[in-house]
Every structure is written in structure tokens, then in C-alpha cells.
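Here the structure comes first, spelled out in C-alpha cells, and everything after it is commentary.
The chains carry the letters A, B, C and D, assigned in the order they are written, with residues numbered from 1 in each.
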Amino acid sequence: MQHDLLDFGKWTPFILWCYAITAVVLITLTIVAYRKEKRLIREIAQKHRRDNRGTS
Amino acid sequence: MWVWFHKLGSPPYFYRFSTIVLPWLAVLTLILFSVGVVWGLYIAPSDYQQSETSRIMYVHVPASMFSMSIYMVMAMASAVTLIWRIKLADLVASASAPIGAAYTFIALITGSLWGRTMWGNTYWEWSDPRLMSELILFFLYLGYMALNSAYEDRRRAARAAAVLALVGVVNIPIIHYSVEWWTSLHQGSTTRGTQFAATIDPSMRYPLFVMMGAFAMLYAQLLLKYTRCLLLDGERNNAWVKEMVKQHAA
Amino acid sequence: MSTPASPTSLETLNLRCERGDRTLFEGLNFQVAAGQLLQIEGANGSGKTTLLRTLCGLFESTAGNINWCGQSIHADPASYHAQLSYIGHLPGIKLELSPRENLAFSQGLRGQSISQNDLLNALDAIGLYGFEDTPCRHLSAGQRRRVALARLILDKSQLWILDEPFTALDRAGNQRLSELLAAHLLQGGLVVLTSHQPVILQDVAINRLALE
Amino acid sequence: MRHALLILLKRDLLLAFRHPNDLVNPLIFFLIVVSLFPMGLKPDSQFLPMMGSAVIWVAALLASMLSLDNLFRSDMEDGTLEQIGLLPWPLSALVTIKVLVHWLVTGIPIVIMAPLLGMMFNIPPEGIRALMLTLLLGTPVLSLIGAIGVALTVSLRRGGVLVSLLVLPLYIPVLIFGAGSVWDASLGLAIRGPVLFMGAILVLALTLAPLAIAGALRISLE
């Protein structure tokens, strides 16, 4: 069956909402995970620099 | 196999292993999602009964399927935590919870939108057993996360949450059965849902499989990532973390 | 009960405890034999209470072993607990109940039947004569502690683990507790306790262990 | 050991009766919540008998949960819970006794009060019989499951709301079967199936919940 791109008749908004909400949730989850790890590494590295300066 | 599993249980090895695997998983997830979405939205035909709305299936079915499986993973990891006291198992359980909750949330939203297209005017139909079970599962995830974050001591949090996860997993079949019984009282049966996933036309089955793969890979990827975060947080004073951070900075 | 294969003793092997991500102590080795008292010293937050709770089996160590009579305390907790009396920070008595009821219940829960006479004698010995039937909420902190200490007399267990037993006690109470400890040790009992003040007992050598 | 369990039963009952307020408050709560609902409707509403079973069940569930808060808390605060944890008996047996006491002092009165409230809601006699039967089977399950939640949170300073978050979702099957069978019975339908299932849930809870409660308490005692 041939389509216009992203046109599903009267149900278009419902289908697009489904995909949009899913995308937002999943992307947020991914971004949070990646940023969290980055922040943690930075935080730990900073603490070690602080500690090293204290001992030397 | 067992040796490998055992090795994976040691934090530094796990960290190195996940560093290698993660980029591949990320690429694979991206590919699967792109293929799945394009296939599902554009190429796949619309179901002759449900018209175009069957396209919602490609997100709803994998999300609801994995929302349940992730809880099972959590329960198994919790059992391992309680029996063998393997630190990593606890982290896997804790890291799974937000992902599982998000999948459940997606399943609820898409299920309700899909239902709206079929039930007519309501977004929420109490007589749909799957949505009900999904809702209760969502509550279980929320309770697990609330308990997990209520304890300050990581080790106690892990064990308390593990007990809760196991209690929850014993309850899931009972909840499922009770909801099924309850909705049968209201005689509102629905024709939608996962049961036709196996019987549907191949032209719709393949994009569904692709999306299932995508959701699975995303879960694996996020699981590794969240576990790494918890690991770094918990072991920040250990030698291997210091070493790793130094390498990272260099 | 069958006689234990090895002599009565409590020992730790390479014990290590953590709270949160902080290591309280590690590589802790000591042994307490029959007739010995071990006093654990250390600043606030050095893990004294945690160590005592670990010895009781309430807190789980991260590594190492605790052996009672040569056998891990986790192997047969029931028989270990039957020979253990623990008095922690909290006296473990119900304020709604009188000292007499408290003791009757705590002994009953341990599965020991105690005659009223023994009960009253124990309360008398710890200096609570005339307070037997006063609800504990009307007693002072020191008196409440005495109710808890009266358990030691009645329990007849070999191992006493006491967390700051001297707090809140007056001089007379101090004296009575010291006598109680000395008598227990003389009968071949074991005591592990924490205390901020020096413990002085007649004719008894005191082992000390300092936590950093 | 049986002797020790009897002593614990006696002790907890005695303690319960030394705080008559704590005994009566959950029941008053139950009564008030149940009578609030009709006030939210029109006075001559025909929905009353329909809602009755659900309202009474939900109120029973909340009353049971709220009264659980003190199940371990006071013992935790005065150190007797530690002593109980150091007894030479299985902790799961001891906690079962404590839960039993909770059921005796809140579950049983709820079962007894329910018919009166059922009549206020115009539930027919068959429904009231079903209400009592299901409450009799269901309230012990509520106590057992609730005790798990309380045991998990007793060492936390702010446990109150958290407990309801953990416990209420787990109460759902009992609620569904309980309220559902009352409704069915009022319509003259057979309720053997759901009642048997509730019995099965009770047996399952009796076997597994004590283990979970004991495990949770050990964690809270650390």
C-alpha cells in the first residue's frame, strides 16, 4: 500500500504521539545514563587531584 | 561459560568488558531502531481490521513485553544478591528498575492511545486486563525505586530492595490472574494485544521482530551504562577506579 | 547440650566491617577465652558498637570469620544465641511493663522458666528492691539500665556482650555491675564490652583492644 | 519453643491492651472512611449497594495498613527487637506470632464490624455473608503482606508513606477477589471460585510472608 509520508488518515495524531512519546522517554533515559557516567568520572578525577595535592 | 560469568562478576573486569561492548551495542541499537521505525511507519502494510492503528503495535508490544521481562531479570538478580552476595547482581537489579519503569510507562501510554482508537471515546478502559497488569507493574517498579533510594547505606538498600523484588515477583502471577478474573466479570474482552503477534501476517511480523530487537539492545546498553554509574559511585575509593579515572583523564 | 569439641572461646579471624563506603576496621584478630574480659576502646565512630553487633550476629561482616568454640557463629546461630546475652545501647525493655513483667517475658522468650523468687532476687541484687511493680516509664534511665542488667543474672549464659554497660549508672550501680562481671568471669564466663571509663575489677586481668 | 511463642503472644496482647487508643483508632478510622463515601454521593443514590463492597474493602485495607505502622516500630525503638532477633528460635516463627496479634486486634474487629456497615450500604444478606467470609480470609493476608512492607522500612526515619507505596499494589489481588465476590454474591451468583482462590492466597502468604518478614527485619536490624 502506498503512503504519503507520515499520513495515516484520521489516526495520524495517535500514531505519531505514540512514537514521539516513546522516543522522548527512551532518548531521555539514554542521555541521563551517559551524562551521569561522565559527571561521575569527572567528580572522582577531581577528588583524586585534590587528594594528590594534599599528600605531595 | 561459568568461568566467564564468574569473571564478569568482578567489578574491574566488568568495567573493561562493558567499555568494549558498549559502542557496538549503541550502534546496533541505533540501526535497529532506524530500520524498525521506518519499516513500521512506512513500509509495513496496515492491518485490514485495525487499519493504520496497528502501527502502534511496533512500540507497544516490545515495550510491554520487556517491561515484564525486566522485572524478571530484577528478581533473578535480587535472588543472586541475597544468596551469594555478589555486588554486581545488586547493581544490575537497581540499574534495571528505571529502565523497566520507563518501558512500562511507554507500554501504558501507547496502550491507552491504541485503546482510544478502538474503544471510541475513552483513553482508559478498566476492563482491559493487560493495561491493568501493566499499571500494577508500574506501581511495583515505583515502590522498588522508592525503597531503594530511601536507604542511605548502599548494601542495606540493595538487600531490602531485593526482598521487595522477590515478594513482587511471587505476586505477579497472582495479580495477573486476579485481574484476568476481574475483567472477565465486566465482560469487556478486547481483541488487541500480544496474542496475535504470533499469528499475524509476516509482513507485519518482521518489523515487530526488529523493534523487539531494538528494545532488547537498548535495554542491554542502558543496563550496562547504569550499572557502570552505580559501580563508580559505590567503589569510588577503590584502587581500580582511581587507575581507570587516571587513564580516562590522560 | 553436647560438650563442645574445642574449649570455650570467642575468636575473630581477619574480621572486616564496612558502613556505607567507609571501612570501620579490617584484619581484626582477637580471642577471648573462658574467664577473660575484653574491653574494646576507641573514639566515637570507630566502630565499637558495630563490632559488638557483628559479634552477636546482628551485623554482617564484609570479610572474615567469627568463631564460637571453634565453629562459625553462622553455622548454628540458635545454639550460639542460647549462650549469649547482649545488652546494647537501648536497654531492650518495655516501658509499659514493670521490671518484673519485663524480666518474666524476656526469660520466657529465651525458653527459660524462672520462679518468682529468682526474679525478685535478681531485681534485689541489681538494686531495684521496691521497684518490682512500678511501670518502667516511671523509672530513671539508670534504673532502666539496671532492669536490663538484671537479665544477665537470670540468663545464665556464658558469653556477655555489653555495649557501654556503665552509662547512666551511679556509683553503687557501678559497684554492683563490677561485682557481677567479676563473679561471671570467675565462673568461667566470657565478657566483651565497650566502655569509656576504665574498668577495674578485682583479681581479673583485663585485655584491651583499641579500634582506630 | 512453643512455650516461647506463647509468651510472645501473651506479651504482645498485653502491650496492645495497655494502649487502648491504638487498638480503637484504626477501627474508628475504618468506620469514618466507610461513612464518608455515601456523603460524597446523592442521599438516595442507587449506587450505594454497588459501591458498598468496594468501599468497605478499601477502607479495611487502609485501616489494616495504617495500624501496622507500630508492629515493629516500638520494639525497634526500645531495643526489644534486637533481643528478639537474638533469641534461639527462628525469627520467621516469632514474627508470625506478632502478625497474628495484629490480626487478632484489628482484623477480627473489622470482620465483626463489616456486617453493620454492609447494612448501612443496603447490601443484601447474601452479600453480607460473602463480605464476612472474604474479610475473614483476606485480612490475615493484608496483615502478612503489610508486615513485609513495615519490616522493610522500620529502620527508616520516615517510613509512613513509603510503606503504602510498597504494600498497596500487593494488596490488589485480595481487594479484587474480596470486593468482587461480595458483588457477585449480592447478585446471587456462586462465589466458590474466588473464595477458594483467596484461601489459596492465604496459604501461600502464610508460608512465604514470614520468611520475607524475617529477612527484611534482619536487614533493618543491621
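Brief remarks on what is shown
Here is the rule we go by: contacts are C-beta pairs under 8 Å (C-beta built on N, C-alpha and C of every residue); 3 or more make two chains touch, one makes a residue touch a chain.
Keep in mind it's a predicted model, so treat the numbers as computed, not measured.
Touching subunit A and subunit C together: B. Of the two interfaces, B-C and C-D, the higher number of touching C-beta pairs belongs to C-D.
When each chain is reduced to the average of its Cα atoms, A sits farthest from subunit D. Chain centres defined as mean CA positions place D nearest to the mean of all protein CA atoms.
With each centre defined as the average position of its C-alpha atoms, the distance from subunit B to subunit C rounds to 49 Å. Averaging C-alpha coordinates per chain places the centre of subunit C 37 Å away from that of subunit D. Between subunit B and subunit D the centroid-to-centroid distance comes to 32 Å (mean Cα coordinates, whole Å). Annotation: 43 Å between the Cα-based centres of subunit A and subunit D. Among all residues of subunit D, those that touch two or more other chains are 222. Residue positions of subunit A touching 2 or more other chains: none.
Subunit B has residues 236 in contact with two or more other chains.
By the definition of touch given earlier, these chain pairs are in contact: A-B, B-C, B-D, C-D. Every residue of subunit D that touches subunit C in the complex is listed here, in rising order: 1, 3-4, 7-8, 10-11, 14-15, 18-19, 77-80, 82-90, 221-222. Contacts from subunit C toward subunit B in the complex involve residues 18-21. Those residues of subunit A whose C-beta lies close enough to touch subunit B in the complex are 1, 3, 5-6, 8-9, 11-12, 14-15, 17-19, 21-22, 25-26, 29-30, 33-34, 36-37, 40-41, 44-45, 47-48. Per the touch definition, subunit C reaches subunit D in the complex via residues 53, 56-60, 77-79, 81-82, 84, 86, 88-97, 101, 105-106, 108-111, 113.
Within the complex formed with subunit D, the subunit B residues making contact are 82, 136, 139-140, 142-143, 146-147, 150-151, 156, 159-160, 163-164, 166-168, 170-171, 174-175, 177-179, 181-182, 185.
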